[in-house]
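Two complexes come next, and they have one chain in common, chain A, joined by chain B in the first and chain C in the second.
The block that comes next holds the complex of A and B.
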């Protein structure tokens, strides 16, 4: 019960903090819109309405990853800069349970971007969306957000010793958009990309959202997305524990 | 070396080395080398999916657009970082020529932008198997350099905004995205609405990208000289606007005592 309270209150608090930040709040919404707009123009110029709807759904999920990749990779650096890292590490709560709400709050900010992109597509480009499985669509969105947040959490822990982790997170933005099939069907990419995309939850998240909206069988993708999210959380918790122990042992929490 | 020339060259170089914190390999490699390649690949594959243009179109467009990244960010970061280092007040109370001060800072940035654009072009061409005539290499290098000059002009405006707005990373990102959509980077200009095409004609990049695409298709430098001159002219106009805005906002900040608090 105490852990659930920590996770929920941590998520709410971080969400409020991020919504006050121009970088996390405004840019997370606006930045993916530039790419979505470009993609809409490209698909519209290609004169294929079906691909425009396909791109619209993919583009809407781009913001969830954008809001997470750069910010989550530099979560620990941010706490370090704020001078709160030691306090968090010294708190009796599990360190991982403090980090998880931060990265999930980041991916939740992407929900703004998702809604904004769908509305932008509807009102500016006339992309009409009729949800075939509305309930599954509504379920697929939070599952994707949570899984992307879990990936961000794993990234944040993996980058603990990387001072400029934001640059790595930034550089991962385009590859994930591409490899996970946000805007381009995976069949168009080289075969070797397939196995990489299968270990990335956004691949299944965006597919579940698409199939829920356009018709298909989203349940398997939804389960795969959720399963990968749980795996990221598990791996991240183990890694966070290991990293924190190492940092305490070498007194390198602030300097690492 | 006369005083303003020294401020221009030595001051510019020192500022770049000291304040543009992206020079560490940990930032430089992912930001300037990895990201442009993936942006090129992303749009080349969208282009293939949409059956719109050849890979060459996207390699040229996105490589040149990436010249703007250091030009926009460095100009804003270098002024913003003066504030973080608490040296902005000292800098702006010095009697140094403002023209030498700010234009000197832009010189290393122009070279940085041109190198990023050239790298993106070469890497993108190799990965996507895009062939460009060897005779086009030197003119393309010139066009990339001119485009970097022109983007740095806009970067000066962005730097001036940094005197007023604390979160310069936000304005830099927004300008970068604006150029992506407006300048015919991935969408042929005639496919954009008329008002966007009109705006694109006064933005950096648009004419540079058009010139580079023609050169890659076999045109000579003479054929695109008008486009190159226009690109340079647009850059100069933006630089003049940027320097004027810097001067104006500096005076305003002194008057309102908001240099550090803005």
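The block that comes next holds the complex of A and C.
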């Protein structure tokens, strides 16, 4: 019960911190427009409505991923710069349960990005979304958000130990757009990309969302996405205390 | 058994220098620090910037693992029983950092109350009580980014006391706070000791240590160079005297000549606007003429003699180390 309170309150307050940032606010407005516009111009030549919806959904998950990947690493750097990382580490609460709400709050911001992308596509480019499996679609979205948040949590654990790891999040942002098939079907990519994409939950998340919307069998992808999310959370929880100890040993919690 | 115990604590930082040819360096920040703090005592760790005060405190509050030596708080080892130590200590540091600026003061405390497992029912009254204690009642719902430095510092203290810890670590809590705010903070610190808490305070303000601390350890270059009550430390230099000489444009060679004079313990040069003030600690004999004779070429202003203070004792200890 106490852990649940910590997770929920942490998520709520971290969400407050992020939503009150003017810079993040502007990015949240601009990004979805950028993603939806890119997807439309890439696929408009096909003139096939299903293809445009396929691209539009991919673009919306790009928003979730981008909000999480770059922020997961930079947010820890922000905590370090503000001197709050040391205070979080000095608290008796399980360190993993302090980091999880931070990452999940970032992917929640991504939910806004997803909705804005779909609305931009609908009202500016006329891409209409008709859901074949509405219930599974509604389930696939939060599962994808939670799994992407879990991946962000795993990234943020690395940032506790390595001060420069914030660059990792930035470096991963664009390759994952391709590797997870957000914009281009995985079948078009070289074979060696396959195994990499299979260990990334967004691959299955975006596939489940598309199949729930356009028709297909999204359950297996949904389960794979959820399973990978649980695995990321598990690995992060197991690693967090060990990484914190390493950071205490190497004095990596402070800025200088 | 002491509430806080440090035995031969050491901490080395590894760093590197150079851009293309990087060389790794090892900096020994704390070199064998040993001390103990008793129940209900306010113990001061006094030293100049870079002396190792913050590194020592960070080892005691479990944020840094010592390179060597051991430390315990309330009998719990700071490395092996880190979580048990964290439950029982409060940590407050000075400066602007360490708060969520975009949250209100109340939200900041709510978050940390949760992190310190303050029972939900107790959180609201506890937070109100602490706002009252630090004089921030009525400002709870304002965002911290609008707080003055003194208000932030008081909020820090409230945060450190949320779980009512028996041991409180204060790392330069009054740094950068205006004189009135600093006086109020010192009054709050005194209240903590009256409430029975054990406090370890680091500071480089002599008068603060003199006013608040039951015992002081002077730390310089990572080592404790003296330990005792403020009165005992002052007594170390009370036999001697202090001569202050205002000079304009003194050369290093002249200062060295002063240091070499028989009967001179230490010479400290303090810049003051256009002039410098030489603070010369002597063994008590009359040396004014001998001192002035070494200042050839420099324009001399006011000359005065006085009794040594705790600051002189501190300067003497730090200079000698």
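Please note the rule applied: the second predicted complex is superposed on the first by the 237 of 256 C-alpha atoms of A that agree within 3 Å, B and C clash if a C-alpha of one lies under 4 Å from a C-alpha of the other, contacts with A are read in each partner's own complex, and residues count from 1 in each chain.
We take it that a residue touches a chain if its C-beta (ideal position, glycine included) is under 8 Å from a C-beta of that chain, and two chains touch if they have at least 3 such contacts.
Computed from a predicted model, the values in this text were never measured in an experiment.
Enquirer: Based on the superposed arrangement, let me know which partner A:164 touches: chain B (first), chain C (second), both, or neither?
Expert: first
Enquirer: So, does A:122 touch the first partner chain B, the second partner chain C, both, or neither?
Expert: Once the two structures are laid over each other on A, A:122 reaches no partner at all.
Enquirer: Once chain A of both complexes is superposed, is A:242 in touch with chain B (first), chain C (second), both, or neither?
Expert: Neither partner.
Enquirer: When the two structures are overlaid on chain A, which partner does A:20 contact: first (chain B), second (chain C), both, or neither?
Expert: second
Enquirer: If you tally the residues of chain A touched by each partner, is the higher count for chain B or for chain C?
Expert: B
Enquirer: Quick one: in the complex, what on chain A touches chain C?
Expert: 2, 5-6, 9-10, 13, 16-17, 20-21, 82-84, 86-93, 98, 245, 248-251, 253
Enquirer: In their complex, what parts of chain A are in touch with chain B?
Expert: 22-23, 26-27, 30-31, 33-35, 37-39, 41-46, 48, 51, 55, 162-164, 167-168, 170-171, 173-175, 177-178, 183-185, 188-189
Enquirer: Which positions of chain C touch chain A when the two form their complex?
Expert: So the residues of chain C touching chain A come out as 13-14, 58, 61-65, 83, 86-87, 91, 93, 95, 97-103, 107, 110-112, 114-117, 120, 159.
Enquirer: Would you tell me which residues of chain B are touching chain A in their complex?
Expert: 22, 24, 26-27, 30-31, 34-35, 38-39, 41-43, 45-52, 167, 169-170, 173-174, 177-178, 180-181, 185-188, 191-192
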